[in-house]
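Both complexes shown next keep chain A, but they swap its partner, so chain B is in the first and chain C is in the second.
Moving on, here comes the complex of A and B:
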């Protein structure tokens, strides 16, 4: 079951620079079309940002733990999901079957990482709840270091280079997703539509979990007032374990989604990248707020696509524009409204 | 402690001449690693100065390290307006540190309105913005993602404009001293750099120590313990925090500056990136959060581990490869030979073991090496050790 031969599979990366953007010059209709396309891409990117950030905000909302291992779990998710697809999907597998396998991989990865996350909460985080939040940050950061290095060792042993993207899983993306589709007169990359669909699915699932299940009730109550919930006789510790597990699982789901995206792709570097972007989204939306995360992901996604468009069309010649803009959003939000768009003032003690 | 650091190179050289050389090479850090200990230790100290003593986690501390490093390199290349190319390193080092201190004032003036997780996040945000800017700023060099290099002569630590009282540093460009003071001891370029950097680091250590033991330092600790009470007593805590942050940024930039002088090149990933701060954080926790000397012990520990696990100067991997019989090396281990496993899982894999040790420290030794030692002894090591020794002598 060696993976080494697969590492050399032909890379199938969609061009990062959008040819449509370069043609968009002059004309009111063209301008409108470009705006619509940039907006659509922004929503697609926003869906990705939402998926990688929602688990982080869920965990923080109830437990007040900023999980620094979030990115590392997403990285593991991307590799595990890629592994499943590479093993199952062959050259003859149909489009529908591939997408079916994708969902199976999604469910499988979610189940595995949720269990692992719960175990981690019980074994490592539970003993230090009574310490200052700094120690929870430190602990999860240490865990993320370990996960990252173990991933590097496994990848090196299996002959897959650690740093560059592992191309094989991206090769399994069905051709349908690589094309474009006409939507309101503009060509939108189908991968973005797919990502929006997954993002919406995750959003609905998390929303249902929060509002329709008992644990969701605990979380919403617990993020308002943990002590009161405890006083009402609810075992908050058990709720913590479940929520940390689900949050970890959602991080991995985000990772699986990134696996097919040519901008990200499975790589060890995902660990830090996902973590930093998830932080931005969660802080802008308000730590612990589900609606906030949704809105903030949209804002960050659109800001990303607008600045990317500005750079690719040559209006701005500064290559780091979109990263700088995203982190500036974080800084500006913390200056003018530290609790975020929908955050509660007391959360996180600022 | 300082004496130990001063005598280490000589002891290391002496050990290499004895039959125990392979083991010494494998388990003792080489001098090149000890130089790294010096500047990363100083940076970790500056991080601890603000984070450990006022309780505000400065997650963007790499911004100051990077400022110091880039300022020195750009000034040496004559790229900083107003500073001619040949300005002595000690002056550019100081200027860079002042710039970083001012930067800390700017960042701090908005950041100190927040506390806890939010303070950590806003400083991280600032550092990331600067990191992304530097990475794409064409002025720095033609390839800004790779950073910049010093193109001119070696940079010297010492008294500016007095050649006899300054020493060039750098692994390749530094000065070597032969027959030191007629004692028959030759010092290589690395060892000379080690001592030159050591002088700067020790100076900074005493300066920070002095500040922390002054009334100003007591207010910093008061802020960590109970900021509201400190304010109620009448201290303008905002100004104290800001001043402490600026001092911390100043010394962080000095660390970056001496690093740049020694390595003669800077890259965004090695200076401004989040992981630079994370390294300082790890060493500070292992050494002892809230003890100024702790980070140095932590750095010594982590760099020692890294040296033992890397093959650059003979480490465990080399020892295993040479020491184990061939059939053991070729033994099958889940489909890969043990030799390959050693190569990948031991060689250069320090972050893994460091991560495990770090997690164990957070769980079981939250005060770090020095903090726990002080708790056990009931005071600082220097004050309590004589008592303990006296007890055992009886």
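Moving on, here comes the complex of A and C:
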């Protein structure tokens, strides 16, 4: 393959980087402060990425099922969470009450989508376990399309534009979560701190489920060797139903978390956005690995934050820098370590 | 009392006809060895008994109950343990967690695990260690202990000496002897002498059927009726 076309493109790529803007970012102290802020925002984004990806990796780890409906469920979660907030929170609702409603919405959405996910596993996924993975991919992708189209129809009938963000729930975010707060001399978006707190809560809850419960033990054992778990007298099908339900519920929890985030927000397009980022995180971390998902979410979050800063400060003028960098990380990982950071070469399966 | 009975069992992998009408029975308290060349259906016999590779024809009875067509977890829950080829311990779990998975249905899992540690003191020392970090011999001990917890009446043991150094094999043999004190056992073993030393009776399998059977006492691989089925 000739490299000549790339040589011709070099000046264009160089023009995307503005050295003047790089120098104008200030002295050493400012530089450190900026680095700390970018890092903090990266951790905030990482918390979001972890929350939207952990359910996907849990399901793949035990069941070997790549759930292409994961993003659609997150989208439903964002709308359902938003619906609860819009219905309950009024102009006179206080900050504490609004946050309480948020947690009630989180719990409700988790319960409803976990039940729906379990039903989906029994009715749709279970009959095709013995088929090749292509069937699972096509089926879950089909479910995703159905969910998206139903959402479009419902939202259009309710007079809500389905593709741009639905602004109403975003308006319910309490003032305390808007703006920035000083943390060790660094101004950090309060919403990121909230997202980190929720992400940490989800991580601790999933970790406790995996390490402190008998079901978690079955899942960790089943992630390595499903047949052996069955041979020890454990009904793996029942575990599959529980895990698929919990994975679905976690996807929806991710959606509720994104409801107030102006970068994401409730929209039908959230479905594909969440799915893409969730896949990037679980592939970099290693399909089926909880630790891998946690680490990869941090890496992707920080990469996103750094590249967004490079663009917003004008150092790099290419608007797609963040997405390109994240997907480049994915490509590099697939080339040098296809099983991901913490993945094993084969997991789950039947 | 008959613990396990396979009657005219036919088992396939896809279109490959592996067990071609195999029949055997195992009485309570005995150790029965399945011997034969590689690929004749010994492992498949164990998998068929446990329902992992269900038979298309024939009957499997366990403790007098017809378990043909039952799910593996249903058969295992009735008291059939499995020590598979290549151990297959859960390498990312600790030794204790491996045993805890197996003891899930026991009335008192901690007591069962304590019993396993009593039988295999080496495992007790490594209870918090990742199973993947154990040596091959220690993993085999763990696999045997895991197969025993859960009040199993029958233990299916597949190639316990495979890939182990001679000194470690002796330890494994001792562990199996200890395990057999209160558990009936079906043993698949390539090492003919070891199988004959351990077992009370044997079945010689060839091309998916039993071609010879009897007491192990005095049987050697030099017997003409045995030798022709063990050499390629």
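Worth a mention:
Basically, the second predicted complex is superposed on the first by the 323 of 350 C-alpha atoms of A that agree within 3 Å, B and C clash if a C-alpha of one lies under 4 Å from a C-alpha of the other, contacts with A are read in each partner's own complex, and residues count from 1 in each chain.
The rule is simple: a residue touches a chain if its C-beta (ideal position, glycine included) is under 8 Å from a C-beta of that chain, and two chains touch if they have at least 3 such contacts.
None of the values given here were measured: they were computed from a predicted structure.
Of the two partner chains, chain C is the only one that A:217 touches; chain B does not reach it. In the superposition on chain A, contact is made by A:319 with chain B only, not with chain C.
When the two complexes are overlaid, the chain among chain B and chain C that reaches more residues of chain A is B.
Once chain A of one complex is fitted onto chain A of the other, the partner contacts of A:227 are limited to chain C, with no touch recorded for chain B. After overlaying the two complexes on the shared chain, residue contacts for A:145 are found with chain B alone; chain C is out of touch. When the two complexes are overlaid on their common chain A, residue A:235 makes contact with chain C while staying clear of chain B.
By the touch criterion stated above, A:135 is placed in contact with chain B alone, chain C being left untouched. Of all residues in chain C, those touching chain A in their complex are 50, 52, 71-73, 76-77, 82, 84, 88, 90-93, 97-98, 100-102, 104-105, 146, 150. Per the touch definition, chain B reaches chain A in the complex via residues 57, 110, 113-122, 124-126, 128-129, 132-133, 135-136, 274-275, 278, 281-282, 285, 335-336, 340-341, 344-345, 349, 351-352, 354-356, 358-359, 362-363, 366. Against chain C, in their complex, chain A makes its touches with residues 214, 217-218, 220-221, 223-225, 227-236. Those residues of chain A lying in contact with chain B across their complex are 2, 66, 124, 127-128, 131, 133-135, 137-139, 141-146, 148-150, 152-153, 156-157, 272, 276, 279-280, 283, 287, 318-321, 323-324, 327-328, 330-331, 334-335, 338, 348-350.
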